[in-house]
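These are the structures in question, set out in turn.
Consider the two complexes below, in which chain A is the common component and chain B and chain C are the respective partners.
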Partner chain A sequence: MNINKLQEEIRNVFKNVVSKVGKDNRIFLNVQKEQTLNILSFLKNNGFDHLALISCVDWIKENQFEIVYILTSYLLDDERSKTHIILKAKISRKNPEIMSVLPIFENAEFYEREIHELFGVVFNGNNRLIPLFLYRKYEIPPFRKDFDTREYSKNFYDSVLPVEDREK
Partner chain B sequence: MIEERELELFYGPQHLGMVGNFSITLKVEGDKIIEAIANPGYLHRGFEKLMEYRTWMQNFPLVCRINVIEPDSIEMIYAMGVEKVAGIEIPERANYIRSIYLELARVGSHLFGLWAYANMLGFDTAAQWAMYHRDIILDLFEELTGGRVYHIYINPGGVRRDFPKGFKDKIVKTLHAIGGCIPDYDAAFFNNALFYKRAKGIGAITHKDAKELGAAGQVLRATGMKYDIRKVEPYAAYDKVDFDVPTREDGDAYSRIWIVRDEMIESVHMIFKLLDMMPEGDVWNRTPNPLKWRIPEGEAYVRVESSRGELGLYLVSNGEDKPYRVHFRTPSYTHGLPILEKLLKGANISDVGNIMISLYIIAPEIDR
Partner chain C sequence: MDRNKILKWFKEPGKMGHKYSLSAIYFCTGCGIIEVPPVITTRWDAERFGVIPVATPRHANLFLITGYVSIKTLKAIIKTYEMMPDPKFVIGFGSCPINGGMYWDSYNTIKHLDKYIPVDGWIAGCMPRPEAIFIGVTHLWTLIDKEMADGYKKYKEKYKYYRENQEKVLGKLEWEPLFPLEEKEDVK
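What follows is the complex of A and B.
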């Protein structure tokens, strides 16, 4: 399937989707958070059956989180296997909630658990949002931009960093 | 809730059949596993967060510690990501050197994997050979880069230095020494009936399940699919060299370990071809002063085929001298969490180590 044709089809089926083709067949789609499930299932039916990664970016100045889904295809000898769809949905930072994509992609479970633990995003529909990596609880989820690692270790371990010593 | 005839068993980080700092909680009935829960996090160092505090170049010593056995593909992918966002071209010779270097690392990593697997099954002789052969590959790395385990050799814009004098001959000599021992490996390990009996049918995954759970690398190729990112989306000099992608049909531990052997041989042939084709010229295009280097706003997703499967990097820059967000998609993450939990369900307790090591998981890659 041709990439331009696919893009046209997405634009026809879904309104409010902003799409842009980057270098090396990377298609960037900006969608509303309510649309993600529909678009992901549409893409899966069109051959994009490999969810490579779910990521999260903390845009603290805009007061938003951006959930990023990266999809590609397992079809060999097809243009789609070289194409990556980078689908991005913005959610508010105050009340970070989004639908889980578990009904569509089975391997999303652990990515969602990781983002829940490190960013505090709640994935509705994922019943296994239990801690994955971390040992203790943090007031601010540690991968958020307002969590300062230096400040935290200073307060928690009561130690002064050698870097600061040198600055004095 | 645990019923009366079930027992909760902690398969801990100190166990012999373990792939590193990683543990599993098993719910067993007799010697049959009913449920397995993976517990990663023993090696969680928060690299992705730490990288947001360091400049683009300062991050290289950090990224290679994500995969201890094969740090080279992680260096490669970070350099590729930086090059893509910053729009840097690299010289032709550097592409070839990168490919040779990555293939050497693949052979070394596969030998380490073979050591772990053979050791777990009790084939100590073949395991010790594999360890020795990995060691002579590390000698090559030491001469080329100065480091045995962590090399930090690939830089944005190319590689750190050219091959030293007479290095080509040393590669050829070392690889001939390893290739000459393949019949011995076959006799002692691969054609051994005990290997067949212990590995055949263990941890089998179907093609549909493997795709559904996002598998790549040997796990997917063992189910009969020729899926290799070096072919699908070539990087470095892989589009200029001809090579085969070995596959098997059964999807079990036996198939996965045979693929490791076949891939190793394929990599050795590829290195010989690349050495012959290598052009002369520069190996590094000058990049700006690393202390003041600001990379324009942008984002990229790049991926390479590491020795364990699909390795990806999502990189976001906001125009500063540090990355805004880095996220690694590591192959052990999918193989070691969803796939492992699925394969262990219904398996026998004595096969836990067998399944884990044949999936080729490495714990630091899961935790990052």
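What follows is the complex of A and C.
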């Protein structure tokens, strides 16, 4: 299957999807957040059976998070095997909620837990959004752009006094 | 063997034994551990200096902190340090345990390791060469000779403050204090 053919097919099935082809056989799809599950299951049925990554971008000036799904294929017989599909959905920063893709891709669980911990995005349908990496609790999730990491480390780690000073 | 040292061996056999047979705990923190395999194997052969890696903290008396210390790692470091038998020596290896290094403004990396456990010596650099470990070890010999490598004694004396600092970062620690926190009154 050709890339352009695949793109046409996606456009025919799903309206208001903005797609473009980038370098090295990459297809970028900008979708609404309600559409994500449908498009992902459509792509999975079309041979893109491997979810390589879920990641998150904080666009603080636009007041939005962008959730990025990267799909590849294990099929080896045609052009699809060399294609990456990059699917982007924007969600609001005030109420960051999106449907979990666990029913389609099981390996999404840990990516979603990581994003929940570091960005505070809630994935509806994932029941194991428990702490993964961090030991301490932070008021603002630490990967958000408005978390001032320099000030935090200054206020917190420098407030622990050396033992020699504490005796005085 | 150096004949001049024979008298020393008879005088202080324990100290000389500790000095020339350092058993380093093979605990991997951060990126500096990449320097340790060539140091202990044939390329730089640490056994020339009496340093060998051991598997468990119960057998060790030298603790190399090789790299940045995140909060979770600090907990493991404290546990490991408290398991080691006396006398024990800690060397901070690389810039990160000294003052944070390139992680000086990180939200998750403690900056000064010596606020939480006593450290006998530092090897600065990012990364230090393997030869720097041997220079550090020979300096440690001098410190042991002069009885200046007394971090483990300091830990016992000032355990209250160390424990307070540890609990400030880690929250309530789930294990019992290693030494009594309150000073006992003398029984008359």
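As a convention for this text, the second predicted complex is superposed on the first by the 157 of 168 C-alpha atoms of A that agree within 3 Å, B and C clash if a C-alpha of one lies under 4 Å from a C-alpha of the other, contacts with A are read in each partner's own complex, and residues count from 1 in each chain.
By our rule, a contact is a pair of C-beta atoms (placed from the backbone, for glycine too) under 8 Å apart; a residue touches a chain by one contact, two chains touch by 3 or more.
Quick caveat: nothing in here was measured; it's all calculated off a predicted structure.
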Which of chain B and chain C A:Thr149 touches, first, second, both or neither: both
Touching partner for A:Tyr157 - first (chain B), second (chain C), both, neither: second
Which of chain B and chain C A:Tyr138 touches, first, second, both or neither: second
Touching partner for A:Lys23 - first (chain B), second (chain C), both, neither: first
Partner chain(s) touched by A:Glu109 [first = chain B, second = chain C, both, neither]: first
More chain A residues in contact - chain B or chain C: B
First (chain B), second (chain C), both or neither touched by A:Glu79: neither
Touching both chain B and chain C, residues of chain A: 134-135, 142, 149
List of chain C residues in touch with chain A within their complex: 71-72, 75, 100, 104-112, 114-115, 118, 154, 158, 161-162, 164-165, 168-171
Chain A to chain B touching residues, read off their complex: 22-24, 26, 28, 49-53, 55, 57-58, 68, 70, 74, 76, 81-82, 84, 86, 105-107, 109-110, 131-135, 142-143, 149
Partner chain A, residues of chain B touching it in the complex: 40-41, 44, 46, 48-50, 53, 84, 211-214, 225-227, 232-233, 299-301, 303, 310, 312, 314, 316, 324-325, 327, 329, 333-334, 337-338, 367
Residue numbers on chain A that touch chain C, as the complex places them: 134-136, 138, 142, 147, 149-150, 152-154, 157-158, 160-163, 166-167
